[in-house]
Structures are given as structure tokens and as C-alpha cells.
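Paired with chain B in one complex and with chain C in the other, chain A is shared by the two complexes that follow.
Let's turn to the complex of A and B:
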């Protein structure tokens, strides 16, 4: 029964309030550094550079007072997949990429284990370890609401080029609002079907069809419920005279404002 | 400033983005299949629905939210690469929308079924394509994953998208409402 308690499971990342300097840092600065760091970890293909970045991330985690156990728990879940991909890469990846001279370390029939293959797998391991720790550092030190506000700030200038920045930030705010409501609705749908004796077929991967057939009477009403909620909210917004987007959300709160508050409604 | 999006477009986009997040966070959107990764996902279905009901831009925004969520909350390490997690998801909505518009003359159910197929194939092909381009898997393994995951995902997506679109449009036109 515990696995249908959906509301308890809708957590995007885990926020850990240790009130460190990273927690107090302006969310816009955090997002900027996060984007630069993500780009670096994604595109740099040097083992040494990734190693240096990993040390820097670990130092940041230490100064943010994140317990090591906490960071390790996040990584632990990904380790089996990392190992699986590593093995697949060693088995199937070309042992000597074009234009690179590789030294074979071990040969088994037509398969060679070369230093290039080992380096590729090492880089894969390091890159994903860095990215896992890096994203969890952001979610540990920043609440989802703060993240939304930060994104809103970065999106607002896009309006000038025809990209609806304000609308996108309103959509994000509404999404956060809808998530717990929908989780509760989903829980209600599953529980009501369970009360009717539905078999969710948790047991095996081979019971695909059975599982699909059991899910349909819950998934279709779930999607329709979401659309109905959206329709109701749109009517409520229009009834209150919504014709554009106001910027009052930013006024309440987390971003320091300069000058007056913009009203565009 | 006049809003470029109507209130309805904004709320439908937000609601379907929230559906994608809930499907992922509760693991409800994962259907077990007999493959190494263990499950087929239906988290892209709200993107297809958004594109059919509100247009390609809405599809792209829901795709971005879905991508961002899978990037921030991934347990599968490959999705910690934003080029794999976010970029391909932006194309699901527009592709599904154009498939829907091109096949609309053959009826609503055929068109929404085509949108489901094209949207799902876009997701699978672009994500796996990016995984191969980034060098995380070789092409042969990616093919195997694509076929074993893509087919169940296409079937489930079509099974959800067709009835939801038909029911929703009928409600909108005021025909099929139940009377007490």
C-alpha cells in the first residue's frame, strides 16, 4: 500500500536546509554558475580536467555542509547503471578510434582491450559522477520555488525577441502548484481501482500486457482530470480579468527588486 | 503587454507539464518491460497531448519541462547529460503536431494515433541518437534498446493519446456529455 502514497514521493531533488553560504547565495548567481559548470562537465573530454572539476565540486559540497553520506546515497543508486554502461562500452565500443594510436592490453579472439577503451570508460564514469554531484548540489542548496524565480529572471528578456518569457515563468509556477494536487488525484484513482480489486501486476516484467490493461482505467481518467483542471483554472483566471501576465510574484519575494513593481494586467 | 498565450493555453501547458512530473516522480509513468533498463516510459505522452491540443510551441515547452525534470531527477546516469535529457525532448511536441496536422483529414483517431507514433519515435530516436553521438553506447546496442523500448512505448502512447484526444474533443464540442 505504501507504494501508492504518491504525494510523499513527489520531491524534485532533495533540499537540505543547512543555511550555508551556498544556500544564501542569490539564486541567479547560482543558476549562472550551474549552467557554466554543466556545460564544462558535458563538453570537456579530458580525464584530468574532469578530475579537477570533481575535486572542486567536492570542496563546494563540504563548504555547503552537505554530509558525505548524503552525497554517496545519491551516487549509489546510479552505480549499477554506470557499471552496466561501462561493461557495454568495453565490449562493443571501437577499441581504437580513427586517427588515434592505441596500445592493446589484452586480446581475446577479435576483441581487444586497449588503453583508449579504458580511458573512454574512465571519462564516462568521471563525467557522470561529476554531473550527478553537481545537479544534487543545486537541488540540495536551492528550493524548487527559488529555482522557478531564478529561471523567470533569466527568461524575462527573451520577451523582446518574441519568446514568451513571462508566460513560461507563469507556466512553471502553475506547474509547481499542480504537482501535489495531481499526485493526490493519482493516489485517489489508484486506491479506488485497488478497492475494486484491480491487479497492478507489480510482480514481473513479463506481464507487460496485463500491467498495461490494468493501468488504462487509471491513466486515461488521470489525463482527462488534468485537462479538466486546466480548463477550470483558465475560466477562473478569465473570470478575474486575466488578459496578460502580471509580475507580482517577483514582488513578494526572493528576488531583490530595484525600483517599482511592474503591473501589466 | 498583450499576452501571446491565452489563459487556457497557459493552464493546459502547466497541467500537462505537472502530469509529466507526477508520472516521473511517482514512478507511475514507468511500465515494466523485459529489457535491461527494466521499464518503458510514458512521460512523453503529455508532450504529445499538449502539441495536439494547443500547438507546437506548447509541445516544446512541455517537452522542456519533461527534459529538465529528467535531467534534475535522473537515476539513469546518461540523463545527467543535458544534451541527452533536454535537447531531444524539445522536438517531440513539434513533430507530433505536424504528424497530427498532416493526417487530420483521415479523421481524429488516425491523426492522434499518428501523432502518438511520431512523437514517441522522435523521443526514442533522438535520445538514443544523442547517446550514440556522445559516445555512451555504440550504435548496435542503441538499436537493440530502441526496438525493445520503442515498440512498447509506441503502443502505450497510442492507447492513451487516442482515447484522451477523442474524449476531450467530444466534451469540448458538447456532444458526448453524460446526462443525469
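Let's turn to the complex of A and C:
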């Protein structure tokens, strides 16, 4: 029996202070390599190239002292989704794209399983795995504030057009900081429903659709929670001297007073 | 002396999207001087949070003026100065930690002030050493207990070297030891010259302040020394705040024993007054205390049992935490068991094993005669047999209308409409929500206390054989707390349901339970019958927990040679014991 433990499945957004050379590397360099790598994994469509990239990512993970188990736990969570997409792809994707000669391996009526289709699905699999590990490698080795400062350096030219680099970067970086928090909250939400006998399709690993359907009503409290968290965080940040891009509650009463005498301090 | 904060005729109104406007504060005048320690109390919705947010310009008044030093909060150019001067700690520690590590988070404020790196580093070290978290500076936010996280939040605030420190119910989610730590830190910072504004529901905390301000429906109704505010008993209930427990006891005794002044507020004075009162009355025969009606002794069958139960979170990751280390426990059918322990002692983890929400990594869990593995294919049924109410369950309601949410757990049973309706009606009325009036109300329109009741009804409606309540009153104001307790007690004395009840309040545990299990560090530290365990004062205090005030009074009186018999643990029992003793002599 598997425990409901969402946080164990999260690898993106968790900082592991293992103090490797990747942790100490200048954040601007890290961000540059990250962007190049992300572009590469997104646009290169060769199985071999993706495979090589994956090996490289795994090597980096190893030198960053990320335990294999930790990475595997994160990937495992995504597997059912990947399988579902893979199967859909095999069933409905064109079995031979235009201008490519494919070898049919197996035929059932008008449906062919070709080497091209299998390659497409393999590519999807590899690409997703690579991107997931790649992103988590960045957040495993970089703290939120560091990430914010790195982004700020890249965004600083935008200051000229009145876009506040520091604020925008910090907000981008905080998105990652919230991933584990949301995982914990979602877990609490799901458990508290299960605790009163509501069947959320546990057990059977392949009762995927049932599980998705049962979770739908949870989305509303989840979003409410997310909004509340965001609001609380915004307040806490402002209280600590972070003057945000737009101000929250204070804005509307800043204008000259409606009636009454202005009292000087 | 020049005041540091001034409110001049301040009103604040919330404007809702539907055009409605709700006045939160009305014509408040207030002056706070440097170095003061001010407590702020009031029922939920009385305007406390709004008031403190007006101080540091998170809110700007709808009418009137708020000044910090010579800065008007309405002027944006002063905000940086104002926030450097007035720091704030909020209720939920997890949503105010910005950084990836403790150290980085504490540096966030000083960095925003634009201080040089070397000064930031000094400030961070000073702040973390002050709150005793320097050794844990590399920890990640979600690895901290609530108490630790709140100390980090406090460090983050004082690292800005503010002149004023505001705590907005910052101790509400902590255990007694955690609250005590924060409170002594505040006193220390206050002696260093920091002005402290403490928003709290706990009268024991407020009585430590020099000055207590009470808000009621957006206006200041009391502003005085705490002791003078708390003795104005007739108004306290109306304002929705509670007096310290010794004060409540003194007032109740006063009606039967005029020699006890109703103005007493602390344990020591009350003990002395009781001693004089009881000794000066002429000696007569001692009456026998009536034994506490106990359901423990009756022969019962085992309902829940665990043997050498272990649980590990984040297993096989670098963030692994062992939460339970061999818990062995038996709960009899129909018993009511109180679960105590500091945060992080394993209470919540243990409770989630007792209805199949978590599964052991090692050891066994038996529920209703079957091992947890035998329940595997019937988990929803198991959870209807032993249902659980989570902490702050009001956040987890998901239907739009009250009636639907209460019925949600029954839906898969496909009961006939009429029966379903009757059960929902019964559950709602059991927690004090009138069925016809509430069933079609949208959940969002209810108050926090009412939502908590809806969540509780959603558990009781299953008519489970066992109910697990995880800190059911946490975060409620005294009025909603009392209300909820009253209905819970009524429900519990009527039925024959096994109850497992966790709380940090020894008064509640004394009230609701016959047996106690005290957890520490993932194992059972003390267990036994409630009225015996709660008299084991030294061991309980050593675990960072508290005993009921009543117990301290009885032990104090015994040490002064007054032979009170029986072990009263609730206020009722104590008042009965004392008055019987008094009449026996008088």
C-alpha cells in the first residue's frame, strides 16, 4: 500500500544544500546554460541527440550529489501521464509523416504501427524526462533569491523601459519556491476528503481517469488556497520592505481624502 | 515623550465586489509610545488585523490619519521608512518565508533596505542567534516545525532592526512551549527598547503586556492595564474575549464563597485566597469527594491497536524524516483518548494511521479487528468506520452549499433521499447549525467558526464508530471555541463513539477525555487515565506541555496543608470539590 505523499514526488522547486560545485557556480552562468539546454531539448528532434543530452544531465546530477532515488521519485509521478499520452499518440498520430518513408511493423485494419510512430513516442518520452530533470537540477542547486538575482541581471536592460527587473525576477523565482508548498497543501486537501470516506480512486495504479474525475471538485478549494497563500506572501514581503510592482490593498486610499480635514503628522 | 504611532480619527472600510461596504474600523484614536508592550484583543472580525496593517502602511485609512513618527502612512515616499521602523510577523509561518533556506530568508528584509552585504550578514547572525536558530540556518522552510518557522519569521522581522514589532496572532498555531519561547523573546526585545504590539486570543499572553487594548466591532472599547480590563467581567463576554483561567475560576467561586475576590487573575493569588478562605472557616468533618464518573473501568473490547508502528516521511530522499519510532497503543471501544505532544512529536502522523490515511513502514495497525492490509480494498469504508477531522478543516470544504458539503461523504452509499436528508439534518443540528436555515447557504458566506462546524458535521454525518479530531478548536476565538466545545461535549456524552482528540489545551483534554496518550519524538512518552496523568506535573512540563490551571491550584493547596481529595481536572469538578469542602467546614 502506497502512502499519499505528494511532496515525495516533487523534485522541481526543492533546493538541496549539498554544496556541490554546481551550487557554487555563478548563477548567471547557470541560467545561461539552462536556457541553452532548454532550447536544445525543446527543438532538437533526434533520438540520439536527446539520449546524449540525457546522459549529460544525469552526469551533472551525479556531480551535484543528487541521489538517484530522489530524481527517480520525481519522474515516477509523471509516468502514468506519459504513458497515457504515449498510447494516444501511437493510436492517433499519422503513422507516416509526409515525405518520410516508414516501415510498418504491425497492421490492424487501417491502423499501422510504424517505426516513425514509435520514434515519435520515444522522443516525447525522452524530451519530457530531460526537461524535467534539467529544470529540477536548476532549482536543486540554486536558491530562490540567487535565482532572482540572476534573472535580474539578465532583465536589467528592461529597466530602461520602466520594467522593474528586481521585482519581476523575484516573482519569477518565487514561482518555484511555491511548488513544494502547493504539493503539501494539495496533499492535505485530498487527505481531508479521504478522511471522511470520499473515494478518490486510490489503490489500482491504472484507475487513472477515475482518479482525475474524482479530483475535479478539489480544484476550487485548491485555487482558493493558492490565491490566499499568494496574498499572504505578498503582504509578508511588503511588510519586509519589498515595495512591489503594484501595491495591494493600500492603493485605493492613496488619493486625496474624500472629505475630512487632512491631519498632518 | 513623543509618540511613535498615532491614529487620528481613523476609519477603514472594505469594499466588496458586489458593491457592499463593510466598516472594519470606526473613528479610532490611539497613541503608542516608544518602549511600550501593548496587547490587542477582540473577537474575530473586530478589526484587529486591519488596525495593525494600518500601522505599517499595508493598509491606508479610508478616513483619518495614521502617523509613524512624523510620517503619514498615506504618503508613498515614506513607506520604506515606515516598514524599516515597523516590522510585522503574521499568523501562518509558512506563507511568510520567502527564501530557500533559513539564512537566506532572514536576509530578505535587510537586503530590501539596501544595506551593504557585510551589514546584512551581521544582522542575520544577530537575529538568528537571538531567536536561537543560528545552528539551523541551512534548513529548508518546509523542514521546520511550526514553532521553529515562527522563530525564523521573527528573526526576519528583527533583522531589520525595527523600532516597533507587531505580531498578528503569531502564536495561534504554536504549542505551549513554542508560545512561551516567542513570548520570552518578545519580553527580551522589549527590554532592549523595542515597542511590541501583540495581537492575541490568549488572555495569559495579553496579561504579560503593560497595556491591553480591546476592539469590539471596529471601535476601541477598553485601553488599560490588563488586570483592570479582565476584571470587567460583564463586558468580556459581549466583546468575545476570555479572562485568564484563574480569573474565570475565581469568579465562579465568588458566587458561593464571598471570601474569594472575583478580581483575582493569577494562580498564585488565587491559591493564597483559597487557603485563607478554607483555613479561617471553622473545622468540621471532611466530606468525601464524589468519584469522577469514569468509563474506563468497564470491560470493553479493543477497537484500535498499533504495535511497534514506524513511519518515515520523504523516505529515500535526502530530506527523510522519521516521524514515528515504534508506537504501541490500544484504544478500547467507546473510550475517549486525548492526544498531546509538542508539534513534530508525531501526533498527526499517528492519527492518520488510525483510519488508513497513512500506512506503516514497519509494525501493525489493527482497526475493528482487522489488520490494515486486510482493509486495503475497502479503504473508503474504513474511513467511514473511523472518520477524521483535519486541522483547520474549514479550508477544505469544496461544495458550494452547506448541505451538499455535509452530505459529500455519504454520496457513494447511494442512500434514499429521505434518509440522506435526515442524516444531514441530524449532523448539522448536532453541531448547532439549524438545518433549514443553513442547508442552502453558500459556504463562503459563513464565518470561520461556522465553517469549522460544517466540516465537523461532514464527519459526524457518517455515523462512524470512531472519530478522530486533530486540534478541532485551533485558531478559533474564545467565543467560537466555547460554542464548538459545547456541541462536541453534548454529542459525545450522548453516543457511544470512540473519540481520539488532539489538542494543546490541557483544559480541553481534561474536559473531553478519559485517557491520555502523550507523544514525544515519535514514541509514546506517557499514557494512562486523564485524571492521573494530568497530575504528573513535572513530567508533563518537562515535555514542554502544560497542565490545567485547576491541577496547579489543587497541588498548591495540598502543599499548604489543605487535604483536597480526588483529582479534579475540570473547572466544574474543582468548583464542586472546593465548595463541598468549604460547606463541610463552614
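As a working rule, the second predicted complex is superposed on the first by the 148 of 265 C-alpha atoms of A that agree within 3 Å, B and C clash if a C-alpha of one lies under 4 Å from a C-alpha of the other, contacts with A are read in each partner's own complex, and residues count from 1 in each chain.
The criterion applied here is as follows: a residue touches a chain if its C-beta (ideal position, glycine included) is under 8 Å from a C-beta of that chain, and two chains touch if they have at least 3 such contacts.
Since this is a predicted model, take the numbers as computed values, not measurements.
Novice: Pick one for A:220: touches chain B only (first), chain C only (second), both, or neither.
Specialist: both
Novice: In the overlay, answer first, second, both or neither for which of chain B and chain C A:233 touches.
Specialist: Touch partners of A:233: chain B and chain C.
Novice: Please indicate which partner A:174 is in contact with in the superposed arrangement: first for chain B, second for chain C, both, or neither.
Specialist: both
Novice: May I ask you to decide whether A:188 touches chain B, chain C, both, or neither, giving the answer as first, second, both or neither?
Specialist: It touches chain C, and chain B stays clear.
Novice: Is A:199 in contact with chain B, with chain C, with both, or with neither (first, second, both, neither)?
Specialist: second
Novice: Could you tell me if A:84 is touching chain B, chain C, both of them or neither one (first, second, both, neither)?
Specialist: The first partner, chain B, only.
Novice: Between chain B and chain C, whom does A:132 touch in the aligned arrangement: first, second, both, or neither?
Specialist: Touch partner of A:132: chain B, not chain C.
Novice: Just which bits of chain A does chain B share with chain C as contact spots?
Specialist: In the superposed arrangement, which is not itself an observed complex, chain A uses residues 174, 177, 181, 220, 224, 229, 233, 237-238, 242-243, 264 for both chain B and chain C.
Novice: Any idea which chain A residues touch chain C in the complex?
Specialist: Contacts found on chain A: 1-5, 7-8, 14-18, 67, 69-70, 73, 143-146, 174, 177, 180-181, 184, 188-189, 191-199, 202-203, 217-218, 220-221, 224-225, 229, 232-233, 235-243, 248-250, 252-254, 257-260, 262-265.
Novice: Within their complex, state which residues of chain C touch chain A.
Specialist: Residues 6, 8-9, 15, 53, 56-65, 67, 69-72, 74, 76, 79-80, 83-84, 87-88, 90, 92, 94-96, 98-101, 104, 107-109, 111-113, 138, 140, 142, 153, 156-157, 160, 313-319, 352, 355, 357-359, 372-373, 376-377, 379-381, 383-384, 387-390, 393, 395-399, 408-412, 458-459, 462, 468.
Novice: Quick one: which bits of chain B touch chain A in the complex? Just the residue numbers, please.
Specialist: Those in contact with chain A are residues 1-8, 10-19, 21-22, 25-28, 31-36, 38, 42, 45-46, 49, 53, 61, 65, 69, 71-73, 75-78, 80-83, 135-138, 140-141, 152, 155-156, 159-160, 163-164, 167-168.
Novice: Would you mind writing out the residues of chain A in touch with chain B in their complex?
Specialist: The touching residues are 6, 9-13, 38, 42, 77-78, 81-82, 84-85, 88-89, 92-94, 120, 124, 127-128, 131-132, 135, 138-139, 159, 162, 164, 166-168, 170-175, 177-179, 181-183, 186, 190, 204-208, 211-212, 215-216, 219-220, 222-224, 226-227, 229-231, 233-234, 237-238, 242-245, 264.
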